[in-house]
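In what follows, chain A forms one complex with chain B and a second complex with chain C.
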Partner chain A sequence: MRQTTSQAQPTVTVDASTAGRPLLEVRDLRTEYRSPSGIVRAVDGVSFTINPGEVLAVVGESGCGKTATALSILGLIPRHAGQVVGGQVLFEGEDLLSVRAERLRQIRGDRIAMIFQEPTLDPVRRIGDQISEVLRAHRALSHHDAWNQAVEFLGLVGIPRAAERARDYPHQFSGGMRQRALIAMAVALRPDLLIADEPTTALDVTIQAQILELLLEVRRSLGMAILLITHDLGIVAGFAERVMVMYGGRKVEEAPVRSLYRQPKHPYTWGLLGCTTRLDGNRRDRLPQITGAPPSLISPPTGCRFAPRCPHAQELCRASYPALLEVGDRHRAACHFAEGEEWGSS
Partner chain B sequence: MTDIQLIGSPMAPEAEEVVPALVGAERVLQPLARRGVFRRLMRDWTARIGFVLVVLLVLAAVLAPLLAPHEPLALDGGSFESPSWSHPFGTDRLGRDLFSRILFGARLSLGTAFFASLLITFAAVFVGSVTGFLGGAVDSVVMRVVDTILAFPSLLLAIVVAGLFKPSLWSLMLALASVWWVGYARIVRGLVLAVRERQFVTAARVAGGRSSRILIRHILPNVLPPVIVLATLEMGTLILAISALSFLGLGAQPPTPEWGAMLNEGKNHFFSAPHLMLFPGLAISAAVLGFNLLGDGLRDVLDPKS
Partner chain C sequence: MGELLRVTDVVKRFPVGRGLLLRKPTAEVHAVDGVSFTINSGETFALVGESGCGKTTTANLVLRLLDVDAGRIDFAGEEITHRRGKRLRELRRDIQMIFQDPVASLNPRMTVRDIVAEPLVAQGRRRGATGQVAELLERVGLDPDHAGRYPHEFSGGQRQRIGIARALALSPKLIVCDEPVSALDVSMRAQVLNLLLDLQTDLGLTYLFISHDLSVVRHVCDRVGVMYLGKIVEVAKREQLFGGALHPYTQALLSAVPVPDPDVEVKRRRIVLQGEVPSPLHPPPACRFHTRCWKVETICRNETPELEVRCGQHKASCHFAEPRAAVEIHA
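This part shows the complex of A and B:
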């Protein structure tokens, strides 16, 4: 990151009016999708906050509502597929769920950017043009200036010979380079929040590490907050400050990274951690797994949604949904038996 | 490069060399000029034949005044002369040179088909992309109208519309365009629906792009290759339809040297002077064959699966 250090100063400026206020506050978000077999409650009352410059990871299996949460924040649930049915998404105090379309368009890209799992760019347009276009959608820039900034950002994300490669088409880039270009596109306007939805899942393992490092590096130089969505707890440890675990459209545990890894309070989290390969483990042991499949979000089980798969489930678990309770310092879990249980012992 | 690359350092050169091998389906949609479409098209001998036929016809149309040995309307030969050196395709009942008439006829057939095709393509792309992109009520209403028009045989409907006007090539062209666009609007709508769901469109939206811009800058360029193929294949069909309607007396009127009208004039003398129907018929066949072969070739070259 040679260029970064010289020009871009960390821009974490918290002025008086926003001091102490979270950058993004999601309150009781509910999103439903329509499906032939009924209404799918993809996000069922999720609340969380992200502070300026903070990295929050959202973890969970496929279909637990992670992506639906992200799409809801930006008002991107396709109209024909579903809708946000309740809650608030306060971005610097402004509720994104009730602002006018034009205001939302201004916020997208400029203040909140997003990158996706598949590094897809428009196949028929040059990389540089696509980045310039984003810049020009929000800033009064000449074509020439926008192009130069695009090249600059391509260099910033580690594309060699950026001036030359900006003229390339997406098929001339490898998957990793395309993801870099998309990161350049996302951060070119220096957003306050970057939503990264499984940004490394589609990439080779070696490239994954590079892309995560790049995201952290970009965050250091531009000072933005990141909402990382992933199903891989393995990449969270070195990346995020706080982790939120989702299951069945709900938040089941939330904690600073350290305390989550040291003392997972929810049996689901414990199970997820158990699934991670360890170098110091016994090589003859089978990798533990969470048996069964995530619950149907059309008719979720009454009581704790994890109960059908939970090895420790009791009568109480099947009868009532556990409240999200404080179980440690900034550590909350939604389990009837979160307090004082060591799930690993069984 | 013994180690995993660290933060933001340029990618390993190996990674770049791999790039050409990674070209996938997306390569196909890259702008035509840069991809050697023409070179790949010429590798296919049927497409080559189509291309040559189309080029010859276009040259004939453009250079007709220079190539034609006689005026197309001049009565400067005997009636029903057989092909000879001075009249390569013979003469018609009034002693007009058939070869010259066919050359000038190329202008009319190709020109009319071309403009009709242009009208159809514009209408189809406009209606198809707006309905496909917006969806909802607009889409439903417009597509029901399209369904209604599609329910009639298009040639029959074109005859009805053409019959409303004084017969001429212009009214014929408008009549054809007014019924022909619907099927294409449907196809374009389908293509737009497919592109609309691709992630780079969501990404453009996330980046705060305006809908109109997303449609023009991202979606339309991506549906263009199949539209080009359709328009080319359509040329053949339109030439045939124009000739057919002119043959029926709904389009070009005598003495206009239009191929279909010439067939009509020749049909009464078929047994005594078969060349009067043979040469216009061959011209129509050559044009239709040429555009179909070219369109097929283009489809293969622009097909994502090739």
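This part shows the complex of A and C:
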């Protein structure tokens, strides 16, 4: 048992050669899925950057395109389901959307790793073997050396008696330990970017706290950037440096974490923060709520996607999609009325 | 506001067999191990805890979907522990349930009308059901004209509303809500929680609310019971629990809930529990939390702490109970 304090995120020093250049730059990404009722525009012109060592959170509800964005970056959209139809994904300047499959495989796992919501491990192979396999796929390592490194990383992610437990099968691990093992597998190659898609959603709250702390610890020791995908504004507050809010396949707001929570500029962000249940502050019996449901991405509304649910919507909002405007220091929002509005007062 | 439900020392164990031919049970899971609580008419009582703590099993015992191994359950002044047949079916009118998964809990091949009318049909009240269904749908905020549609045509939040309409069909007194908003998106969650609160005000409902999320519980509940490994370790009124939880497990649970405020998160004093919940097959002796507790002393390993009244109606089972605020901030 330890009592700890969440620390402010340390800024990772960037070496001079890459200074100024983002690690990942996504430009106007468009991804479509096929469905029986038509084409789903899951990601509809999303652009963002992640700097080396930075923690960026992508927040939104089901169907907002946050997972589709992550899968598109890694070229993991299943071919039968859909495809990336436009944009660029520049990783250190190299467009992952146009590189050959073999090159993409080299980058995936080695430079960019991903962990998913459900601990996805092969049930019939030893944990240690599964991690070794990843190491051997990318590095010229003997079986023995790969196994030793696997054990080392299992220790790093807090698996007790790692040498022994590496011989276990996934069913012998609890849910929290399986997620730890996956983190070990993801970071074993010391990637520059870790994409974590709802890494704690399937876990109990005390285990969630452990896993989030572990991710930040691993980041501190290995210096990688993290792209956290989540629906939970609670975990973002103590985890990320910058936040991007998605709605209806588009980015609607982006800001350093503190500005986003202190001065949300988009009515959707404001609504989301308002209806989140919380442990502190004044308890209200009725929560403020966002009426209606997210838009269908098959034939999304013209104009602002949020207009049908927005309490402040005007004619202009239904007519034209608002551009992302600079509304503060590194703070951008896609709302016709973002500047100078205090949504909280209305 | 009289007492509606009284649960006294209920025990439920599940045998675990070994091998393919379930021979002799080799062990028992102590799912619920001597749980007692009461719920007053018109109030919301929450049972909170992590996976495997026995909260859903307790709910199923109250619903009489499972039979207790020991203990008794009283509802509206009558013992219902061993009711069978016709008498049990009558009880179903008074105690209904809302499930966690709005997809799995609705038959995809039935129309919304048939789903909501099913409790009426099952109780032999087929006549006038259609009119009642329309009323119920309106009550939960759905368009009665959509009664002919199938569940897949609705969003998650709307499907949960269908499940609520079904639970209301027989005008129950008590509704057991098992994680009713866990599967929903944030914006849908607020809508459904508000609906539950409105229905309670309008219809005088009593809720047994099962949840793992203390921030949700804080918004909807009057009293809270915290469960760990089949036992209630703390019971308190909402203000007491969130103002100063006494049991170390409750404190750790509260501490693990993130607060959507970066300034608070930076300054927050956090308890991060080490390890995981022990197997309910072999729960630790004496205080079940002692293997993960930071206050542990010899007495915790040898003597089971009683669930004792500490002040007012605030009970906790800990040898070293001390209050701690839900969100503790560094000075």
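What we mean here is this: the second predicted complex is superposed on the first by the 324 of 346 C-alpha atoms of A that agree within 3 Å, B and C clash if a C-alpha of one lies under 4 Å from a C-alpha of the other, contacts with A are read in each partner's own complex, and residues count from 1 in each chain.
Methods note: a residue touches a chain if its C-beta (ideal position, glycine included) is under 8 Å from a C-beta of that chain, and two chains touch if they have at least 3 such contacts.
This structure is a prediction, so every number in the text was calculated from the model and none was measured.
Asker: Let me test your reading of the model: by the given contact rule, A:138 touches which partner, first (chain B), second (chain C), both or neither?
Answerer: first
Asker: Between chain B (first) and chain C (second), which does A:80 come into contact with in this model arrangement: first, second, both, or neither?
Answerer: The first partner, chain B, only.
Asker: Between chain B (first) and chain C (second), which does A:273 come into contact with in this model arrangement: first, second, both, or neither?
Answerer: second
Asker: Under the stated touch criterion, which partner chain does A:288 make contact with: chain B (first), chain C (second), both, or neither?
Answerer: In the superposition, A:288 touches chain C alone.
Asker: May I ask you to decide whether A:176 touches chain B, chain C, both, or neither, giving the answer as first, second, both or neither?
Answerer: It touches chain B and chain C both.
Asker: Could you look at A:249 and tell me whether it touches chain B, chain C, both or neither (first, second, both, neither)?
Answerer: neither
Asker: Considering only touches as defined above, state whether A:122 meets chain B (first), chain C (second), both or neither.
Answerer: Only chain B; A:122 stays clear of chain C.
Asker: With the two structures laid over each other on chain A, which partner does A:199 touch: chain B (first), chain C (second), both, or neither?
Answerer: Neither partner.
Asker: Between chain B (first) and chain C (second), which does A:210 come into contact with in this model arrangement: first, second, both, or neither?
Answerer: Both partners, chain B and chain C.
Asker: Would you tell me the residues on chain A in contact with chain B in one complex that are also in contact with chain C in the other?
Answerer: The overlap between the chain B and chain C interfaces on chain A comprises residues 1, 4, 174, 176-177, 206, 209-210, 213.
Asker: Once bound in the complex, which stretches of chain C touch chain A?
Answerer: It comes out as residues 50-51, 155-158, 185-191, 193-194, 197, 212-216, 218-219, 242, 252-274, 276-277, 292-294, 326-327, 330.
Asker: Quick check on the complex: what are the chain A residues that touch chain B?
Answerer: Residue list for chain A touching chain B: 1, 4, 74, 76, 79-80, 105-110, 113-116, 118, 120-125, 133-134, 137-138, 156-160, 169-177, 182, 185-186, 206, 209-210, 213-214, 216-217.
Asker: Using the touch definition from the top, list the residues of chain B that touch chain A in their complex.
Answerer: Within the complex, chain B touches chain A at residues 4-11, 15-16, 18-20, 22-24, 26-27, 29-31, 34, 135-136, 198-200, 202-210, 213, 217-218, 221-222, 224.
Asker: Okay, in this complex, where on chain A does chain C touch?
Answerer: Counting only chain A, the residues touching chain C are 1-8, 61-62, 174, 176-177, 204-210, 213, 231-238, 257-258, 261, 271-273, 275-280, 283-291, 293-294.
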